[in-house]
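Dropping the structures in below, format is structure tokens.
Two complexes, one shared chain (chain A), two partners (chain B, chain C).
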Partner chain A sequence: MNIYEIKYAFQNLRKRKLRSGLTILSILIGITAIFALLSFGIGIQRYVDTLADEAGRDKLFIQGKGIGAPGTDENFFLAKEDVDFVSKIKGVNEILGMYFKVVEVKFNDQKRFLFVSGTDTSKIGFMEESFSIKVIKGRKLKEVDSDKVALGYNFQFPDKVFRKTVRLGDKIELNGNRYEAVGFYEEVGNPQDDTNLYLTDKSFEALFPDSKDKFGFVILSSQKEVKPSELAERIEEKLRKFKNEEKGKETFFVQTFEDALATFTTIINVINGMLVLIALVSLVVAFVNIMNTMYTSIIERTKEIGVMKAIGAKNSDILIIFVVEAGLIGLIGGLLGVLLGYIISSIGGNIAAASGFALLKPAYPLFLIVGCLIFSFLVGAAAGYLPARRASKLKPVDALRYE
Partner chain B sequence: MKRSIIKLDNVWKIYRMGHVEVNALQGLNLDIKEGEFVALMGPSGSGKSTAVNMIGCLDVPTKGKVFLEQHDISKLSESELAQIRGRKIGFIFQQFNLVPTLAAIENVMLPMIFQGIPEEARLKKAKELLELVELEDRMRHRPSELSGGQQQRVAIARSLANNPEVILADEPTGNLDSKTGANVLDFLDKLHSEEKKTIIMVTHDANLAKAAERTEFLKDGKIVRTSNNRRSG
Partner chain C sequence: MLKDYAIFSLKNLRNRKLRSWLTMIGIFIGIAAVISLIGLGEGLRLAIMSQFGFLGPDVLGVQASGIAFAGPPGSMVATPLSDELAGKIEKINGVEAAFNRYIESSTLEFNNKQDIGIAGSAPEGENRKIFERMLNLRADEGRLLKDGDTKKAVVGNDFKKEDAFGKGIKIGDKILVNDIFFEVVGILEKKGSFIFDRIVMINEKSMIDVLGIDKKKVDVVAVKVKDQNRIVQVKEDIEKLMRRERNVEKGEEDFQVESPQQTLETLNSTLFAVTLFVYIIAGISIAVGGIGIMNTMYTSVLERTKEIGIMKSIGARNSAIFTIFFVESGLLGTVGGIIGIALGMSFAYGISFAGRYLLGSEIIQASVSPFLIIGALIFSFGLGTLFGVLPAYRASKLNPVDSLRSAK
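== the complex of A and B ==
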């Protein structure tokens, strides 16, 4: 490729501003959509990776099989005896059964239904590690904290959970019982976790006597030399026998954190992939559009092509000139598309963060930017190939005579 | 005896238009020697344009042979012809035919680009040529910003870009008023006398043809008369 060809192509595009502009617009739309979608996809993937790293890849969880999140379905739980049984299985390092329930929360005469968890205070560190959260204000719960509560990130801000900000020392009512706020957790990035309330297992049992020894969620870690996925299989098999359940009809399921996150990412990737596919359709339209523009342009410049051939342009020279020009249309569209996509996904990310989904944070790795640019150039160049070929095959005698 | 630079040997060109065959050239013989200034005259329909296409290696004959510097080019491929045209023949057209999106200097550089001459060398050469046609102050102007005479001078500079042996001028003054036309003709004359170029000029104007050493008259696809002008010999 020659600097001249690029310059010549540029000048030709400039000369036909409106048509070039409209053609560029058509590819811009597709690239914008693709760039924005992929930046979110990659951002989520990265978030999940960090999460897996922070929580540790040695973690597993057991959950009752039910509909919805733990705590919403009364019938699905793991009993204390199940947890005790699992704790004795070879390869299990640490284990923690957590209570989960939806509770009516009242603060300053405002009521909301939120999730509350109950954790054995001797294992709060393990819980924090598994969910990769830390107390950022105040302190974590202690065994004696029968009337204390720790709160998710969002409580610290007005209009997020309650109209008023909750401060350390404030009293919150759960099903009519008063608790004092002693600590706040850092941001997780989704509204459910960031509006969670944390109690000790003892105060949870006091609040919900019927739920004693019925855990909604069990976290455990595997020993160093054990593969978490193998441990998950072993636990599933042994617990099934212990609970006397048929294979395939278990009332629980065991999963490693990594697998759970992988499932999550797969779902996200599939959704994202579908959207990208739709965006690709718009690129097909852009492809046809560029092709059309190039055919028109070549008809207009037939005489020019004849002149260039007369003064020594080979067929391949003409081919390259027009392919480069079409590629340039694509590249400019891609450049503007990346720019617009960046703006859109930045705004989208901010909106998501403002509505509590801080995990929906777009990422802009270099390969995405460069990839989009190369791709848009190639789409343009490919669209220009057939018209360029026709131009290159024009007979100089006929082309020169064309008016 | 001077070396023959372009020789058409019993050249026929037959166009097929539907079911009708048109014999544009019917056994044209023409021998142009190195350093000659030849005018080609003929009424419309005489096969003038087709003859120009043959001389300019823009097309190959249906029958007969075309020799450029003793090489038969009648069987060459389009891309081979393009290379030869670019190196050996400089075209000057009636309608100037500059590339409208390119500045004067870029138009002059264009033939050199197709020959793969490096940027610096072509810039230098293009400047020299624009000085030669007295347009050094118009180098960055687009064709639309130049008068007809100036455009044709740019075209002359362009035709000289690859230092060709032959300049083929097809009605070079046809779109110019008589004064600018005379000016353009002066340049062609200068190229002939000073640069020793072979010049082939197609014209329908007998007065212009007088500038040439020799005039060939074309009718019905062949040469019907040759006249030697005052300067010949």
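== the complex of A and C ==
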């Protein structure tokens, strides 16, 4: 392949502007969809990776099995003595039992139902590290804060949680009791976590006396020299014996943060993969279109091929000319598709962020862009191969005679 | 007249077999993808709908407000309903019956295997008949619960199968609910609902006395209305009573009174949004196929410029030339559509067949309605003609003299 062949291919495409344009359009559409979908998939993968890094790969959690949102099934929980017991297991570094419950929140005469958590104030730093969140405005909760509440990111904006913005010092009612807002947490990126309320364990127990010492969710970290996955097994075995449950009949489960995140990414990847597969169908159609265009092009240029052969072009030259031409159609389609896909997923990402799903942030790594371009070129070239072979096999005499 | 055009078009398509086939492949792949996705999506929607669909139009459910996206009813609420409400609701004019229901997650054990499942209460006394009618409960094996059945349970139809506990439950078997033995006296008829087919139903009294469920925390109050035409009025009356009982202002309700129909509508709109997204992505292939038709038709017009010139010079009108090409592209679309529908249907039913026999899942169903088939046919014809309009128009506007000369 040399520069003349590419030039020749360009000339041919330009000569048949309309047909080339339509063929390029057909591959462009498919590449656009695939690029946009993949950029979201990779973006979510990256978000999860940073989450795992920030939260630390030494974290584990224990949770009651139950049904419904994690930590909220009141029939399956971890009692305080369970947590005390686990804290003594070898290899456990820090441990924290957390309360979770749904609460009626009232602010400025507007009501919402949201999740509230209760945390031991001496371990708030550990909780923040585990969920990788920091207070960005105001301050953390302190032990004496029996009538104070810290709020998720979204409360700071009008019309997100409540019509009116919540400011530091404002009073909020939880199940009829008034609390003062003392701090706001940074954005997590999903509407549920960003609308959480945070109380101290003492004020949570005062608000829900029935739930005292019943933790929905226990976070712990492993000591440096201990592997979290091994620790998880050890805790499961010991806690099972402590709670007098048989193997396979536990009412709780222990998981490392890493495993939990991996499960989440797998689910996302499967969904995204299916969408990409559906989008690939359109590329198959584009493949057929390119083939069609190339067959037509060859019929039109039969005489030309005859001339080229007559003055010494080899079969392989003819083959390359047409394969390159088809590949170019694919490449141009891919280039435009990547551009359009970039625009679409950027807009999509902004819309998602505006509606509270900041975790849906597309990423555009180099390999995705280059990969899409190479792929579109290959699709074009492959579609052009059969027509090109037919062209290369033409007998010069017959081709010249063709009208 | 149109018949002549059709025959002429068919001949032309046959003359360019390879190209016609390639163009049609483009269309039928797209149509097949859309048909199979819509078919499977519709099947999924029906499967999910059937979870709630068997509740009649004369039923209302009263629940405390909370976060309702996950978990059984009543599990994620701020202030649970009290057990005295049902009695008060029952006195409202137009209400035939109202009773408390307790729905609790609990451990279920059988054949030395344990799972977390849902135990639901059955009301006793006069309300039992109404409850059974309301949910259309019938025993597949054994019998339903009756008053005085302590430590007896009726289980959902899925427990008959081996996959729940490695061994099917039979009448007379004992199962452990929260580590307490219950005797299975009946198995419910299949409901096609993953809630009711996997429920363990226990008398309200056993639920409270034996399992120790808090009597004061009611999960749902089920209400049967006497006259379904007056359901809106009754609903408002219940809301009024609830506001008074729970001491809340209008617009600040911490409870909901919903009919199953409303739940269905909410569910429907969520599902619609999800499926729409999938259809759009699948629709892209059809658009690409349409572009293929346009491309083929332009090429065809170009190739037959001389032919068009001849036809015009012997008296063909612009409209006749337009019709010839228009019908040709419409035919391309329709034939592609027919093949696509056949392929798409076999794919959708193949998947649901595989889903049923390999995974044992009834959620994967295909439902291709005649409406969808006719729609797809009209659509593919429309697609062919739509993308054929421009090329046909160009052909019809050709100047006979120029086109006769243009021939190579």
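Operating definition for what follows: the second predicted complex is superposed on the first by the 401 of 403 C-alpha atoms of A that agree within 3 Å, B and C clash if a C-alpha of one lies under 4 Å from a C-alpha of the other, contacts with A are read in each partner's own complex, and residues count from 1 in each chain.
Going forward, a residue touches a chain if its C-beta (ideal position, glycine included) is under 8 Å from a C-beta of that chain, and two chains touch if they have at least 3 such contacts.
What you are looking at is a predicted structure, and each value in this text was computed from that prediction instead of being measured.
Colleague: Given the alignment on chain A, is it a clash or a fit between chain B and chain C?
Modeller: fit
Colleague: Contact-wise, after the overlay, does A:251 reach chain B, chain C, both or neither (first, second, both, neither)?
Modeller: second
Colleague: Of the two partner chains, chain B (first) and chain C (second), which one does A:317 touch, if any: first, second, both, or neither?
Modeller: A:317 contacts chain B only, not chain C.
Colleague: Taking the superposition as given, does A:282 touch the first partner, chain B, the second, chain C, both, or neither?
Modeller: In the superposition, A:282 contacts chain C only.
Colleague: Going by the contact rule stated at the top, is it chain B or chain C that touches a larger number of residues on chain A?
Modeller: Counting residues of chain A touched by each partner, the higher count goes to C.
Colleague: Based on the superposed arrangement, let me know which partner A:309 touches: chain B (first), chain C (second), both, or neither?
Modeller: It touches chain B, and chain C stays clear.
Colleague: State whether A:103 touches chain B only (first), chain C only (second), both chains, or neither.
Modeller: In the superposition, A:103 contacts chain C only.
Colleague: Touch check for A:113: first (chain B), second (chain C), both, or neither?
Modeller: second
Colleague: Look across chain B and chain C in the superposition and give the shortest C-alpha distance you find, in Å.
Modeller: After superposing on chain A, chain B and chain C come no closer than 11 Å at C-alpha.
Colleague: List the residues on chain B that touch chain A in their complex, please.
Modeller: So the residues of chain B touching chain A come out as 53, 56, 58-59, 78-79, 82-83, 85-87, 91, 93, 97-102, 106, 109-111, 113-115, 119, 158-159, 161-162.
Colleague: Which residues, counting only chain A, touch chain B once they are in their complex?
Modeller: 2-4, 7-8, 11-12, 14-15, 303-304, 307-317, 395-397, 400
Colleague: What part of chain A is in contact with chain C in the complex they form?
Modeller: Residue list for chain A touching chain C: 18-19, 22-23, 25-26, 29-30, 33, 37, 65-69, 72-76, 102-104, 106, 109, 111, 113-115, 175, 246, 248-249, 251, 275, 278-279, 281-282, 284-286, 288-289, 291-293, 295-296, 403.
Colleague: Per the contact definition, I'd like the list of chain C residues that touch chain A in the complex.
Modeller: Chain C reaches chain A through residues 18-19, 22-23, 25-26, 29-30, 33, 37, 65-67, 69-72, 75-79, 104-107, 109, 113-114, 116, 118, 252, 254, 278, 281-282, 284-285, 287-289, 291-292, 294-296, 298-299, 408.
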